[in-house]
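All chains are identified by letter, namely A, B, C and D, in their written order; residue positions are counted from 1 within each chain.
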Amino acid sequence: MVDSKQQWKAWIYLAPAIVLLLIFTVWPIINTLVMAFTEDYSSLSALGGKEFTYGIKNFQKVIEYKGFINCLKNTLLLCVLTVPISTILALVIAVCLNSIKFLQRFLQTIFFLPYVTNSIAIGMVFAAMFNIVGNTAADVQVVETVGIINNALGLFGIEPINWINAGSTYAANIAVMTVYIVWNALPFKILILLGGLQSVNKQYYDAAKIDSTPRIRVFTKITVPLLSPMLAYVVITGFIGGFKEYSSIVGIFGDKMGPAGDYGRLNTMVGYIYDSIKNHQGRASAAALILFGIIFIVTMINLSVSKKKTHY
Amino acid sequence: MKKILTAVCLILVIVLNCFALASCGDSNSTETKDSGSAFVPDEGLTYDGSEVEITFYHTMGANLRTVLDKYVAKFNEMYPNIKIVHSQEGGYDDVRDKISTELTVGNQPNIAYCYPDHVALYNLAGSVVTLDSFINSKAEVTKADGSKEVLGFTEAQIADFIDAYYNEGKEFGDGKMYTLPLSKSTEVLYYNKTFFDANNLSVPTTWDELETLCAQILTIDPNCIPLGYDSEANWFITMAEQLKSDYTSAEAGNHFLFDNETNRNFVKRFSEWHQKGYVTTQEIYGAYTSGLFVAQTGTKSYMSIGSSAGATHQRPAATDDGSYPFEVGIATIPQADASNKKVISQGPSLCIFNNASQQEVVASWLFVKYLTSCVEFQAEFGMVSGYVPVLESVAQNPVYAEFINTANGGDNIAALSAKVCLEQKDAYYTSPAFNGSSEARDQVGALLQFCMVEYKNASDKDAMIKKAFEDAVAECEYMS
Amino acid sequence: MAEKKTSKVMQERDMQKVSSVQKIEKIIVQTALYLFLGIIAIIVLFPFYWMLISSVKSLTEYNLPVPTLFPKQMIFRNYIDAFSTANLGTLFTNTVYVGVVSTLLSLVITVLSAFAFARLEFKGKNALFGALLATMMIPGELFTITNYSTVNDFGWMNTYTVLIVPFLVSVFYIYLLKQNFMQIPNELYLAAKVDGTSDLKYLWKVMIPLSLPTLISITILKMMGAWNSYVWPNLVANDDAHLLITNGLRGADFTVDDMVNYPVQMAAVAIVSFPLFLVFVFLRKYIMKGVSRSGIKG
Amino acid sequence: MKVELRNLTKIFPSRNKKVGGEVIAVNDFTFTIPDGTLVGLLGPSGCGKSTTLYMISGLQKPSSGQIFFGEEDVTELSPENRGVGLVFQNYALYPHMTVKQNIMFPLQNLKGADKLTKDQMLERALEAAKLVQIDDLMDRKPSELSGGQQQRVAIARALVKMPRVLLLDEPLSNLDARLRLQTREEIRRIQKETGITTVFVTHDQEEAMSISDMIVVMKTGIVQQVGKPQDIYDDPTNLFVAKFLGTPPINVFKGNVAGGKLYIGGAAVLDVPGVSDRDVTVGIRPEGFNLDENGALVCELSNVEVMGRDISIVSKNEASLNPVIRSIINSDSKIDATAKTVKYSLKPHKVFIFDAKTEERIHF
């Protein structure tokens, strides 16, 4: 089939995309590589006429930085927590949505709402919901309000938890971030999975019904395997997105990336890149390449696992 | 998998090729220019009346833009060919980020709102115009009506600037003038005058007095936090200034000096205060300390240290009959040494960017000169913004004097705040500005906050504080 | 063979009982389903509710340490303020113009590329497609600086071009549409070849109609992008003539005496979100179809 | 297991919501399927045959009427508790499972006393696979099987749990012609071997005729005729049934009865004693014609096809309601293929007359 006519024709079809990609994607990537290997590169200093040497110092600087391990840990932890939780929850919600008739469209629209809303506004709302107002880290404590979430937990007899304020624990911070990120990730996943479910032939379910299959088994043995391509897609994009986590943390904790008293505690890889990009473009580029490497490896692992696990 | 691996190899090959090309290009294009040297305008340069367009980035809200427009019109009566295009670019950080990107392609504005550390950043690229030769220039400029003015400042004009504000423009370690102050604010102590009067409390002038006072207030209202402090960073820097201990210097390679005994001691002292429930900060408390101060129910504070420009937020909401639940008093913040007061100076200055067109630079200077030295503008801008004018003579401006005269702790609280600021004009200080000075500021704020929060759980409190200082210095070194 | 065993298996049950147990079970399951979905819906909706009530609060009430669940006083003026601080007419026209033009061009490019990847054979096809996918893994923030200097070199600052051209190609869309195209039987293409139909005509007459839902999904996503874009337009086209809606509203003056007037900002966010919400409600069907038809497969 | 349907009715709301109203898919269907028989539900698409099947399976609930398995009323019982096996038109094999997993799937759902060990399950699965002769394909995925093999897997899956009733929805429609012939014999064989009461749905009369013990012919939700295949063929109750059954299809003519004689196109072709004078529609099976020099039915000869044992004659007549008349004659008869006309006499038992208006059969 590969005749020369098709060859040049294909390239003509691809030409607009390739030209634009070369200019606006490939060239920046090359520039990034150059900056990453230009030691201590800073575009403003470069403008000021500073001369740079080439080498791997930027990478050393990134890796040696004590906050870097912290960024890496936060990024990994959030990925490992939020991707499975959001995927499973989205799956459950999609299956539930798919098995009701009354109000289905209405609920579907509601679950899509977070997708069309400005994340900054929602971050502010979440922060307010978890916020404890009071000097929580002092011996002499005066607490004004424990926040809506703690009020709700109080109904079940749970003592107020210091989620995001001064003196809060790392675990509590991560819990809040997990809730928020999951909340943010749900609509897209529900949309994809529900779309997948609706394209599954209904006869499989009828067949299972005829065979007296319990609901749980229908879910695990039929629904999940049939959805496995969508699930793989959702998980892989989830991981890629997870490694680029940044704005959701800004949403809750502000650009200091941590609770009062311990700024930077929740900083992530992209957070580090943003911190550096203002005046340390060399380091930022090196960090971006490291991040790309990690994402690449994880995606490869994901792909090979999903090749084994997804069906047909 | 194989597919993507091939792809990556492909990219790498392309990239390596380009890399070689790019590096060659870079090394060739290196100019023989000192790194980070400032731009100095030509001697004897003057505005020749040609048509120029000046862009000006700021953060002014709509009401301030109205004021600005009014004075741009007046400026244009003198210089009709200088067209001023100004735009609001979000907050101070947005202005900085936008300009530092624009500088890389030479697309920067002519004039911008700035903080000293922004200028230090721009200076890496050598893009900020030093103002000394303009200030001292005796060249003459012809106005539209044929009259002439001297391009530089007169002696009287320089003397009219409040010293500390004026000197802030020279804090860059090389003694050169880079910025001129536009409008300023500081920190003041807001207190609940009604409560103080009722309980016969006196306004604290020193930190020792404040400590005693806090204990006293807590006996009156056990469910309160006597003092709310807006900004840990300001607190730290001001304390270092008041105690004459080191904070930072503009000297290259020796910027971060704040890790010293005196500073560790006051950090420890304030951490203890926090633990005793004397004080909280906006970040630690989880809500605006002004909200705590004006609260009518629940937890309250009776003192609040915050920006003089935010006076209206420190006033409780008026009741239905238009009166206020309590009267607000404003005073200078407590001092280490009441006879040698020190209060921080903040608020925007103006800087001018280098440009290929010398006429644009000199025209920019004319506009900056106009804004900073025009008494009417300074007065009106101060009244609308809540910021303090930078000229001493504004106090004699009849409109502004009237404004100050009506000062009270209720409706005219902004005037009261301005009045207090004017009264303490000799107490202002500024900190050295260099690339990394904003990092130092962030770090000391975070450090004070960290210690206040961690104090409770730390087993060896001195070691904890010592480590926090060391970490903060290390972070500053890394980030600058 | 099975008759005997079957009867034993099936008839030992008390069928009447099974039937009523079944009914109860069904009711319980349905109730649980609605309860679960209801709770999740409330959790999902709460932040919206918060956004809406915040948008009608006064700044003072918004700043109260204990937030009120229902505003004491509804200040709808916040919406007027949000509107009036920005020149809304121009903002909407600009955004719609940029959105429509960039969507159309983007669709053309996406369709052509997806067709080449899905139907044509050429050397290095797989490697090229893999390379495209790999670019999706790079944090895009890094592109900004270089792209900024590129468009400046092109002299595109403060033009519609700079808002439209740099982001016309989306690897994600190409991927989505390619998957969709692959599901259209190759026989149709071969049949068209036999009939002497040109590629372009086949694309126009067969492929595009068959993948309409996906194309509509892409259109919507692209429009949403135009609606929500902020960082890039703010950098490259911030003059009044080219201001887009999000920039206009975000850049608008929400600060009062040094404090951000969050209620007005919330009102602005609500205004910006509303058209997107409407789009979803009315085109939900197509979005769902587009997603399910694209049949994303690993 | 005997299956009894009593006054079974299914009403769907009309799909066109604006018009409203409803569609009666199955109307008052009463029928008893004797134990161990193979019954074909036959009719054109939309006649309600699949709906009936789904009601027996429990996947659809009847609007009214009852279903009995033996003496037990299963009307309200959900499908999982009915113990039926259902083979779907598209087989609905789980694409992610191997043949073995597919067949074992129903067994793994058994609970309580019926629960099987893994070995028992394997044994049962293998037994079912052997029955449909796919025991050598156990580890393949459905996508690696041909249509016929998939069909067998689907049947094995339905059989493995030893259902009380086996239901097949258009079991042969997705197979090619050769496989179809083979598979229908297979179905017949499996049904005979297991003795499970089996109901299958088809629109192909040949298929239904060839393997069913009994046939139910349906049209627009109403049962037209129930009976053994040959009985229905030989004795259709109305024009629809007569037209629906038989290959080649029955030849239909416009005719009338006058004075005890049947006229087609003015020619008296048959004596029909006891039938009052009226307009009728006449159906003549292709094998109902005799070549007869003296035959009253004169047709214009178009074509002669020799099909081995038989010859098929295509001719035309003004009164014919079909475009052409097709007759099957024993090849012993001689016919001049070049002649302009052909003359037929008729075999009375292959001629059915129907009322022209009601299309009901008129016996003579």
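The criterion applied here is as follows: a residue touches a chain if its C-beta (ideal position, glycine included) is under 8 Å from a C-beta of that chain, and two chains touch if they have at least 3 such contacts.
None of these values were measured; they are calculated from a predicted model.
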Selected interface, A-D versus B-C, where C-beta contact pairs are more numerous: B-C
Chain closest to the middle, measuring from C-alpha centroids that were averaged per chain: C
Interchain centroid distance [CA atoms averaged], subunit B/subunit D, Å: 90
Geometric centre distance via CA averages, subunit C-subunit B, whole Å: 40
Whole-Å separation of chain centres (CA-atom averages), subunit A against subunit D: 58
Subunit C and subunit D, separation of their C-alpha mean positions in angstrom: 51
Junction residues of subunit D - those touching two or more other chains: 78, 81
For subunit A, residues that touch 2 or more chains besides their own: 26, 29, 31, 43, 133, 144-145, 296, 303, 307
Shared interface positions of subunit B, touching two or more other chains: 4, 8, 11, 104, 287, 292, 298-299
Subunit B residues touching subunit C - in the complex, by the definition given at the top: 3-8, 10-11, 59, 61-62, 65, 87-91, 98, 101, 104-105, 107, 287-288, 290-292, 294-295, 298-299, 307, 309-313, 317, 385-386
Interface residues, subunit A side, partner subunit C - complex: 1-2, 6-7, 9-11, 13-14, 16-17, 20-21, 23-29, 31-32, 43, 92-93, 96-97, 99-100, 103, 105, 107-118, 120-122, 124-126, 128-129, 133, 144-145, 148, 183, 186, 191-192, 194-196, 198-199, 215, 229-230, 232-233, 236, 240, 244, 270, 273-274, 277, 281, 284-285, 288, 291-292, 295-296, 299, 303, 306-307, 310
Residue ranges of subunit A in contact with subunit D within the complex: 201, 203-204, 206-214, 217, 221-222, 225-226, 228, 311-312
Residue ranges of subunit A in contact with subunit B within the complex: 26, 29-31, 33-34, 37-38, 42-45, 47-52, 54, 61, 65-67, 131-145, 165-167, 256, 260-264, 275, 278-280, 296, 300, 303-304, 307
Complex contacts: residues of subunit D adjacent to subunit A: 57-59, 78-81, 84-86, 88, 90, 92, 94-97, 105-106, 108-110, 141, 143, 157-158, 161
